[in-house]
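Below, each structure is written out as structure tokens.
The two complexes that follow have chain A in common; it is paired with chain B in the first and with chain C in the second.
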Partner chain A sequence: MKAKWTWFLLAPPLALALVFFVVPVVYLFWVSLHAASSSELYGAALTLRNYADVLGDSFYLGIVRRTLGVAAVILGLCLVVGYPVAYFVALLPPRRRMLALLVLLFPLMVSNVVRAYGWVALLERRGVVNTTLRDLGIIDAPLDLLYTTSAVVVALMTILLPYMVISIANTLAALDRRYEEAAQALGAGPVRTFLHVTLPLSTPGIASGTLLVFLLTLSAYVTITLLGGPRSKLLVSLIYDNVTAFQWPRAAALAFVLLALALAFTGLLLALLRPGRVQGAGR
Partner chain B sequence: MSATRSGGSVLRGVATVVAFTLIVVPIAMVVVAAFSPKDFFQFPPPGFSLRWFVEFFRLDNMRGAFALSVELALASATIATMLGTLAALFLARRGGTVAALLQSLFLAPLVFPTIILGVALLLLYKTIGMPVLPGLLLAHCVVGLPYGFRTVLASAQALDPALEEAGESLGAGPLRTFFLVTLPLIWPGVLSGWLFAFIVSFGELNTALFLTGPGVTTLPIEIFSYLQFQGSQLVIAAASTVQIALIVMLVAVIERVVGIARITRAR
Partner chain C sequence: MTAANPADVQLVAVRKRFGAVTAVDDVSVDIARGSIFSLLGPSGCGKTTTLRLIAGFEQPDAGDVFIRGARVTSVPPYRRDFSMVFQSYALFPHLTVAENVAFGLRMRRVARHDRARSVAEALDLVKLGTLADRYPRQLSGGQQQRVALARAIVVKPAVLLLDEPLGALDKMLREEMQVELRSLQQRLGITAVFVTHDQEEALTLSDRVAVMRNGVIEQIGGPREIYDRPRSAFVASFLGASNFVAGTVVARDASAIVVETPAGRVAAHGDRRVADKVHIAVRPERLRMERGGASGLPAHIRDIVYRGPVTHFYLDSAAGPLIAYRQDARAGDFTIGESVQCTWDPDSAVVLDEAHA
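Entry: the complex of A and B
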């Protein structure tokens, strides 16, 4: 194709990505550097006050810590449960593996609000778990399962688990089985083979699964709100609250604290796991 | 087989059963609840009724939100896939830093926290006075762009350039070559990109949360606000089941047209 007209191909998608993705995010950062204003969206004076307020306030720091804590627990559970499941799925014969992956993929296509509602219906006071326990005579009064941090953890963990399983399973399924056979032929037991051969070779899948789960946990406003209620707020809830209170500079600063957490985690993960060093890494 | 090995496979089996149960049960529960004849959900269900679906389509808000979600998904998937295809055709045969940067830019909305995009767009729209509906549509286009781009890029890179060259050397202009040679060959990529973009738009929450307005609400946001302000009533289960049913239909279409193998590797 001739070079002179192919640049026209690029213009429309580039315009969309720049005007409605790059520009608004840069503008949001610009607003985060301004003082609040009661009449305008943001005040005229440039200031770092919003960041200083957020990072110097024990309330905000507590929420940031809770957000990281909840994300760490969800991530840990997804890894501990997801890895064996991925291993199981990867060892299935191709047709059944496709079917298992499809069953995992389908829930990801259903809106998260629907999946969160499923957990609300299970956990609420007149929900399935409480009525079943009462019918079985295990409890007398309904338990307050909903609007707790545990409810957020359980629901988000199961909502995001398929990402982890699919990422790891695809890597494991593409893995050359001869590496494991070679290790065993050289006298390594199953545990040693797993720790020194299989696990390191699956780091690309672990890295992408971990990244997806962490990043999606950070912005899961709807799930956090429906299952956590007003008492289990996380960083993303504060962003929303500040937007609805028209505190634009504060909301913008909180958004960039969240983005900084996401970037720091991504950088840390890539530095620690170095998924790129695995040669011929599968998808 | 040694003891640790079979112990490992038992562990894997148990973990798989637990995981699939936890993933599937909440969704299955919603579908079962939607057909309940009673006011509240009971398990096992006491009977079968379509009253909540009737209620869903009787409520103006719900019906309107459903219609808007479908229209928005149709429009944004089409725009996102067209733009994604243009970007993919441009980048398919290019290397170098600029091409790598552009590729990251088009894929970035996949990993970028969409909640931040939502706030950022709302602020921009407030500043420039953007009306609600086009603003929402453009947001969905940005979120859908990576899906259209990625699947078409994979198809376009697998394409043998000799076929396009043959088309051009036989006297076809660039447009003719595109429609008669390139497009039929990358069609599966274009179609699966479109379906993914549709699905993503249809369930989108994090930008719509900020960008919907009075009278302009999508189905997921309507479900969310109903749950927040009116509690969990079974009309929500019906609304959710409508959402799920549409996704099932689309997955069936993907399966028939492009095949399961392609979807499971697409994410």
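Entry: the complex of A and C
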């Protein structure tokens, strides 16, 4: 009886997911297994050439490597900058914590495009940063700040940082402070209490924050396009390029490479951090 | 404190405020080495704050804390020689049973080899040797309690602090653990400070009990002393049911006084002058009912409640309602509505310092 109701309630979202997600993904995979065609979406012949091209071409592999590199740097920065902020936010009383999280979320309320042009205004050759540095006499000629991978990294990091902070802060705020007291009662000072107790117990937040930041980095497009130069293209830009060149099957294959990267990273992360061993363990 | 039995924990005129509330007010205690000391009282009486002051999780606003003779008032918890069993156990969920127990030894930088041996010994002591590789969430409440205990005793602390450690267990398991805890503590010779709101638990476990109320220690003494010789109505009623009778002293001798109550004259233990107004307390199990006797307070039985090992008799007298417990009461022994005389040994009636609140 109970099971029946569960299925009844689950049916609409499951049907939606099936029709609008599972079916298109399967279809996209089908597309990726064909040669390109000048008149149709994809050619008639079945082939693995799209995958062979992507995985055998040093250009593509270089971009995959760059994509992973950019994601790793952003992730590292978000963790290093985000954890202390999250720790501080989690210590606030509930009302102020709410307020702090809202302030952190504020940048996300501004459109992606507007935010990217904001960076342009800051970083361009006659932008705020270069003008200020020249006025201060620190530089003579303007620096090439815009259209670099660094610009992409900094801009993405500022967007993605709130995801990391909020994920970790929520875990830390829900953490029973008795664990830290128990560690102190057993002779652990502040540093070792943090390393042996607080940090491992916050792995669920670290895991969800890391996943969000990594997956959003993989799928970011506007920021990369507007702030990155031709030499800071990432996998997403490549997919777009192939679509606009009517190379639909190759674009589909690239999409699956991206999906495989995301899945592999998720699996690796869960295996490494094992957030499950902490979750659902009240006492 | 004598040199033979030095105090492992001393609180000297300790005071702690939280905002406008004084949680602990001028508390001084000496806790002898190798004894179990209980802080007993209702919630909000300051017993847990007192424990946390010993641990160093709270800083006193005034007064001093000593552990093994060393002043630790401003020493952080992790440098104090104690360990603690928390009410919710606070077992580290990401560590196995063995890793939980080893935690304190790791923090004390005990070599890996010695650590493993001590952990195995501690787990054997609490009969959990076979569960070393489980995670806390895979254990029952009673088992988690034992792990928390093993984790606390393995570091051989100067003092073991226990914050209502048995509160989350059901009654049967709790009574079993009380006996086990007591025997473990005596075997290891640990000094323990025990916080509880359960008077039976305090009486069962403790060498000495401090009854707290509103941040103040009302009375300190051995279990028998605080049960049989309560100094205040609060202590008398917190440690179990009591009969309170008010009256005036009309005669006295070396060991007892005679008190005139509205219902008649009764004897009590205490030192008061003639014409003093007094309140006396008598435990229900010390109150005897007699048929047709000449002495004691006349009363009639309002209700009889059978409770298995004891039967409770609710009585009305001119001095107020009374209650009597009788073991081994047979059916038809006494009946509702019957008139009886209530008496007690003078030694069983205690003169209180203050009136019944």
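Criterion: the second predicted complex is superposed on the first by the 261 of 283 C-alpha atoms of A that agree within 3 Å, B and C clash if a C-alpha of one lies under 4 Å from a C-alpha of the other, contacts with A are read in each partner's own complex, and residues count from 1 in each chain.
The definition used in the following text is that contacts are C-beta pairs under 8 Å (C-beta built on N, C-alpha and C of every residue); 3 or more make two chains touch, one makes a residue touch a chain.
Predicted, not measured: the structure shown is a model, and the values here were computed from it.
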**Request:** State whether A:184 touches chain B only (first), chain C only (second), both chains, or neither.
**Result:** second
**Touching partner for A:108 - first (chain B), second (chain C), both, neither** = first
**Request:** Scan A:148 for contacts with chain B and chain C and give back first, second, both or neither.
**Result:** neither
**Prompt:** Given the touch rule stated above, what does A:31 touch, chain B (first), chain C (second), both, or neither?
**Reply:** first
**Item:** Larger contact residue set on chain A - chain B or chain C
**Value:** B
**Request:** Check the residue A:247 against both partner chains and state whether it touches chain B (first), chain C (second), both, or neither.
**Result:** neither
**Message:** For A:47, using the defined touch cut-off, is the partner it touches chain B, chain C, both, or neither? Pick first, second, both or neither.
**Reply:** neither
**Asked** A:117 contacts which: chain B (first), chain C (second), both, neither?
**Response** first
**Message:** Just checking: does A:239 make contact with chain B only, chain C only, both, or neither of them? Give me first, second, both or neither.
**Reply:** first
**On chain A, the residue positions that both chain B and chain C contact, one per complex** = 189, 283
**Prompt:** Once bound in the complex, which stretches of chain C touch chain A?
**Reply:** 55, 57, 76-79, 82-84, 86, 88-94, 103-104, 106-108, 135-137, 144, 151-152, 155, 161
**Message:** Under the definition above, what is the set of chain B residues touching chain A in their complex?
**Reply:** 2, 4-5, 8-9, 11-13, 15-16, 18-20, 22-27, 29-30, 33, 40-43, 82-84, 86-87, 89-90, 102, 105-106, 108-109, 111-117, 119-124, 126-127, 138-139, 141-142, 145, 149, 164, 174, 199, 202-206, 209-210, 219-221, 223-224, 227-228, 232, 236-237, 240, 243-244, 247-248, 250-251, 260-261, 263-265, 267
**Fill in**
Within their complex, chain A touches chain B through residues 1-2, 5-7, 9-10, 12-14, 16-17, 20-25, 27-28, 31, 41, 81-82, 84-85, 87-89, 98-99, 101-115, 117-122, 124, 126-128, 131-132, 155, 158, 161-163, 165-166, 170, 189-191, 194, 211-212, 215, 218-219, 221-222, 225-226, 236, 239-240, 243, 248, 251-252, 255-256, 258-259, 262, 283
**Message:** If we count contacts the way the header does, which residues on chain A are in touch with chain C in the complex?
**Reply:** 176, 178-179, 181-189, 192-193, 196-197, 200-201, 203, 277-278, 280-283
